[in-house]
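One structure below.
The letters A, B, C and D name the chains in turn, as written, and every chain counts its residues from 1.
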Amino acid sequence: MKRQLPLFLVLIFGLFGIVQYFIPHEKSEWMYEFLLDWIYIIGIFALALGIWSLMRVSWDKIKHKRQNWQYSIVTLTGLFAMIFFGFNYFRDFFNSAGLQNYMFRAFFDHIMIPIQATMFSLLAFFIASAAYRAFRARSLLATLLLISALIIMLRFNPYLGFIGDYMERTALWLLNVPNLAAKRAIIIGVGLGMVATSLKVILGIERAYLGKD
Amino acid sequence: MNIFDRMMSLDRRWVFLFIALVCVITYVWPFSIPIRITEEVKAIYSFIEKLNEGDIIFLGIDYDPNALAELHPMSYAIAEQAFRKKLRVIFVTLSQNGPGMADQAIRDISDSVKLDKTYNGVFYPGREIKNGIDYVFLGYKPYPALVILGMGQNFRIPFPSDYYGTPLDSIPMMKGVMNYDQVKCVIDFAAGNVADMWISYGQGRYNFPLALGMTGVMGADYYPYLNSGQIFGIMGGLLGAAQYEKLADNPGPAIDGMRIQVYAHIVIILFIIIGNIGFLVSRRKQG
Amino acid sequence: MDAFSIGTYLWTTFGAFLTLCIFSFLYRDNPFYKFAEHLVVGVSAGYFVIILWHNGLQPNLFNRLNDGDFYLLWLNSARPWYLIPGILGVMMWTRFSRKKSWISRYPIAMYMGIAAGIAVPLEMKNRVNVQLYSAMKNVEWNNFFGTGILDSGSAVAQLIILIGTLSALFYFFFSKEHSGLFKGVARFGIWILMIGFGASFGYTVMGRISLFVQRIQYVGNWTETSWAHPSVLVIWFLIVGVFALLLLLEFIKFLTKRRTAAS
Amino acid sequence: MKRQFLLLLLLCFAVAAPLATAQTAEDSPLSGEAAVAVSPAPGPVSNIQLKDTDNDHGHSVTLSWEISPDDGAGLNNVIGYEIHRALSPEGPFVKRAGVPAGSHSHVDVGSKEESSPDYMKDYIDYYYKIRTITADSAVNAESTVAGPIQSYGQWFNTGRVPVLIFVACFLALTLYFINRAKGGADLYVRPLAGIGAVDEAIGRATEMGKPILYVLGLGTAADIATIASYTILGRVAKKVAEYQTGLIVPCYDPIVMTVAQETVKASYADAGRPDSYKEDMVYFVTQSQFAYVAAVNGTMLRDLPATNIYMGKFYAESLILAETGALAGSIQIAGTDEIAQIPFFVVACDYTLIGEELYAASAYLGREPLLLGSLKAQDYAKAGVILIALVGFILLNFGVDGFKEFFFVSN
């Protein structure tokens, strides 16, 4: 009951998922879309578990005055403020007036957007430091990686004169020939791996995710 | 710890510092960098340069705001060159989110044409460019393939009036301008499959000279058309735009962007080289 | 800036401040970064609660049942079958209790079953069938070298793509030791993979640099607004001053540490 | 005949007159070459064929026709065709679509939603006619009415037969090898560097007394890469429990968190240490990509884990995580099927499971015969793919393209 029935459900829904792909009829399509709705709705309900986890971890930190506990107050404040504004000061639960709330939008535009964009832009630095740290001619493979990256990075360098032309053409070739071959091989391999993993789940060979007892 | 070991294991914060410095400096200080000109971009520039005063060119602004960073510099540079040479321009957009953006671009360009400027040693006095005399903006219509075909018969079919609502027949510039036959060339700036339609339905059927401006990612796919002569020029991404700005002697956002990119790339490459020198030398010492 | 409003300016200032806080992470972990990090975690978690409530649960569940009656458990609505995902969702909440948490396995099992089932034919088609189909390509033999060795449309290039793909695929064999002939093929495969990875890494650098340039522009715009409005320069000096002071302190610390290390 | 011709001329004049008068030609230098071409009406399309669209859910009809004699030839004034549809041969006809000149066919797709204005009911009669249009909206030609035709949905998509064959073969291979594995056959797999590293890394963490950070990536629980990642997490958690090392699993998706909690809990029970399991080992952070990354970065620098393991779906954040982890001095092992991110992991991590290896990892770590059996099936499928590609390539270049086309999936 605790483990057998769920495994049976996985099998049934998995087989349906496979079979529906080959049935274009409206009935199968309706069922497919309905099941996608399930996934979506279950996911939203689960968010409550996530928020509960976030709150408990933060509250634990504050209660036991663990290292950096002060910042957990910031997290909780941000969380509750956003929920408070998002329901338009707890006035509008069943219409989306809260999405237009001034504070809700301001928090989104001036806290979430700048921080996320800045986090993203840290990549400019990390891509440089990763290149410095890792592009060493340690072995044949590392050298291939290094040379191919260097050619691509030099492709539009204007100080190279006529070598630049060759760089540009080599870069184009690298992107269109070996890069394509590498990608295609990985895509096919990944496809087979995905199908194998899915089948393992459907057949109940992989069942760790259902827990024990 | 000798110098080579140190070269090998620099604190990464030095890398960060140099990248930040180079980006900020090249962003703030607009010095010029050499830009290698490729044939396919130069072809477009020379084509327009050879046209005579009063000739008409046709520009398709067929991208939406998210491809703006790469394609706007091209449209700006070409339109400005055309206006300086007193060519007349027909603008059209076949992208749903294009009209407002194209309208804004036309205003920007007309503002900058008002200033006196010298391009490639030729002095051009500032002048006011007028809607209906120097340019026409036709606006947007859905079904790009049909619009392209329809314009081959008569511009008035898909666009009885322009973007601002003036009937085409009462626009002075459109007098006697029926279809592509009166247009010297079509240059399409595209971030999608509209370029394919211009090639097959436009150039393929009405045989006008066609050039393309594309995003960097798409550019590589269109070189075969250049070899087969279906298009006479192609500009790809920021790199192509910068080349055009350079040719037209009209430095703008593309050259600015390239300056930052080139130097940031050089810094990264230098760090890679430093690391490798350190690595190779210290390995030799050990071995 | 068209119309200067002090409210918007203060918000933008806060945004610029947070931007600098995140950048300070490049030097090292510090209270400013910790503040920005914890703030954005809370705010974004709250944001998703609101978005999923208003744009997820409302249209996908509530609005589909709202013609029903609460007292009849919505069974009289036009589409009562939408109660099922609702019930499954509530079953997830049994995880709040230690004893009953096994009930949540039912929705999870269905979720995994649906996900795995849909993936099987779809991934087979998108990744295997389609790629296999496009790997079989007609080669222009009379155009063997194309316009030169670097022409990616030539027959040689096409052959390299095919052989490269197959050798790289071969590299992934798990049940064969890489020895003998297999060793050669697998090695060619990993070469192709590494060259491809290098190319793809080098190609991405350009886009990442532009991301940073956009952030410079953002802070630059804010700086311009500040200079243009003398009354708010105080705020500008406050923020930049704090960061400059910290930088100075770090530098002094760095110097003294060096001296003690030297002595 | 004569009368018809006259009528046509008159018609053309009527159409051209307003345009011609609008044209005040005297002051334009270009007027000479730009007189409006008075186009006579083109020929209509012929031989319209209607059929229900194959392999679909209904609500759609496929039309095909022979193009107008003036399309690309003759008068050469056709710019396209308009498809009109009605419920009776008398009309009223409604315009459904326009297609450019040169097109021979069109699929008229309606909505399946009854509430939609575009709703197209199945099992009722439809009639079609095609209007040949020229640049001049007044000059066109209508075809005869074709019909009736009914649309309906099919129960099997014949266009997807190749996929069905592939899936069936793969399933058969998997079942066969699993059976062999059950029978106790010895299935060899070659060692993988990244997998060996996992064991080492756990040992190292134990020696250092520092925790292990396991990142499941940004996938949802429905992504297969995430499912593969759970299975790896299960094996890792079991070893962690045996060695009594710490484990930190920050999650991006609440369902992923729930499943990861179950997995880790079960692993601790398997290892015989159910009491060491703490619910807070696996916790939720936020569902926003870069906020999540900010938090994980903080964890890396503050808790200084001995080992970071990244398995699952990763996007742009891959390099931010991997570089910060390297800064913190952790050993890093990554695995993802996201092609664009593999290069970054290869560059910044100590060991990387490339693409498919991610899916093989759980079999390697668990060493259970059933899982190894499925790995064998994967290998044989790969061999099959290589063989088909080679044979197809050779046949195609000898002029046989039937073999290749057999693998075409139409939609």
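Keep this in mind: a residue touches a chain if its C-beta (ideal position, glycine included) is under 8 Å from a C-beta of that chain, and two chains touch if they have at least 3 such contacts.
Everything numeric in this text was worked out from a predicted model, so none of it was measured.
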Can you tell me which chain pair comes out on top for contact count?
A-C
Going by C-alpha centroids, which chain is farthest from chain A? Tell me that one.
B
Between chain B and chain D, what's the gap in Å when you average each chain's C-alpha atoms?
31
Between chain A and chain D, the Cα-mean centres are separated in Å by 16
When the C-alpha atoms of chain B and chain C are each averaged to a single point, how far apart are the two points in Å?
30
Length of the line joining the C-alpha centres of chain A and chain C, rounded to whole Å
5
Where does chain D touch two or more other chains at once, residue-wise?
160, 163-164, 167, 170, 221-222, 224, 227, 255, 258-259, 262, 285-288, 290-291, 294, 302, 323, 342, 344, 346-347, 354-356, 360, 375, 378, 382, 385
Residues of chain C that touch two or more other chains: which are they?
22, 25-26, 34, 36-38, 40-41, 43-45, 47-48, 92, 95, 105, 108, 111-112, 114-116, 119-121, 123-124, 128, 132, 135, 162, 165-166, 169, 172, 193-194, 196-198, 200-201, 204-205, 209, 212
Note: chain A residues in touch with at least two other chains are 18, 21-22, 39, 42, 46-51, 54, 68, 112, 115-117, 119-120, 122-125, 127-129, 131, 133, 135, 145-146, 150, 153, 172, 175-176, 183, 186-190, 192, 194-195, 197-199, 201, 209-211, 213
Could you please specify the touching residues of chain B with respect to chain C in the complex?
13, 16, 19-20, 23-24, 27, 69, 224, 257, 260-261, 264-265, 268
Residues of chain A that touch chain B when the two form their complex:
124-125, 127-129, 131-133, 135-138, 146, 150, 153-154, 156-159, 164-165, 172, 175-176
Would you pull the chain D residues touching chain C in the complex into a rising list?
160, 162-164, 166-167, 170, 187-190, 192, 221-224, 227, 255, 258-259, 262, 285-288, 290-292, 294-295, 297-298, 301-302, 340, 342-344, 346-347, 354-357, 360, 375-376, 378-379, 382-383, 385-386, 388-390, 392-393, 396-397, 401, 403-404, 407-409
Chain B contact footprint on chain D (complex, rising order):
19, 22-25, 27-31, 33-34, 36-37, 39, 77, 79-80, 98, 100-101, 134-137, 323, 327
Chain A to chain D touching residues, read off their complex
18, 21-26, 29, 39, 42-43, 46-51, 53-54, 56-57, 60, 67-68, 112, 115-117, 119-120, 122-123, 126-127, 129-131, 133-135, 145, 183, 186-190, 192-201, 203, 205-206, 208-213
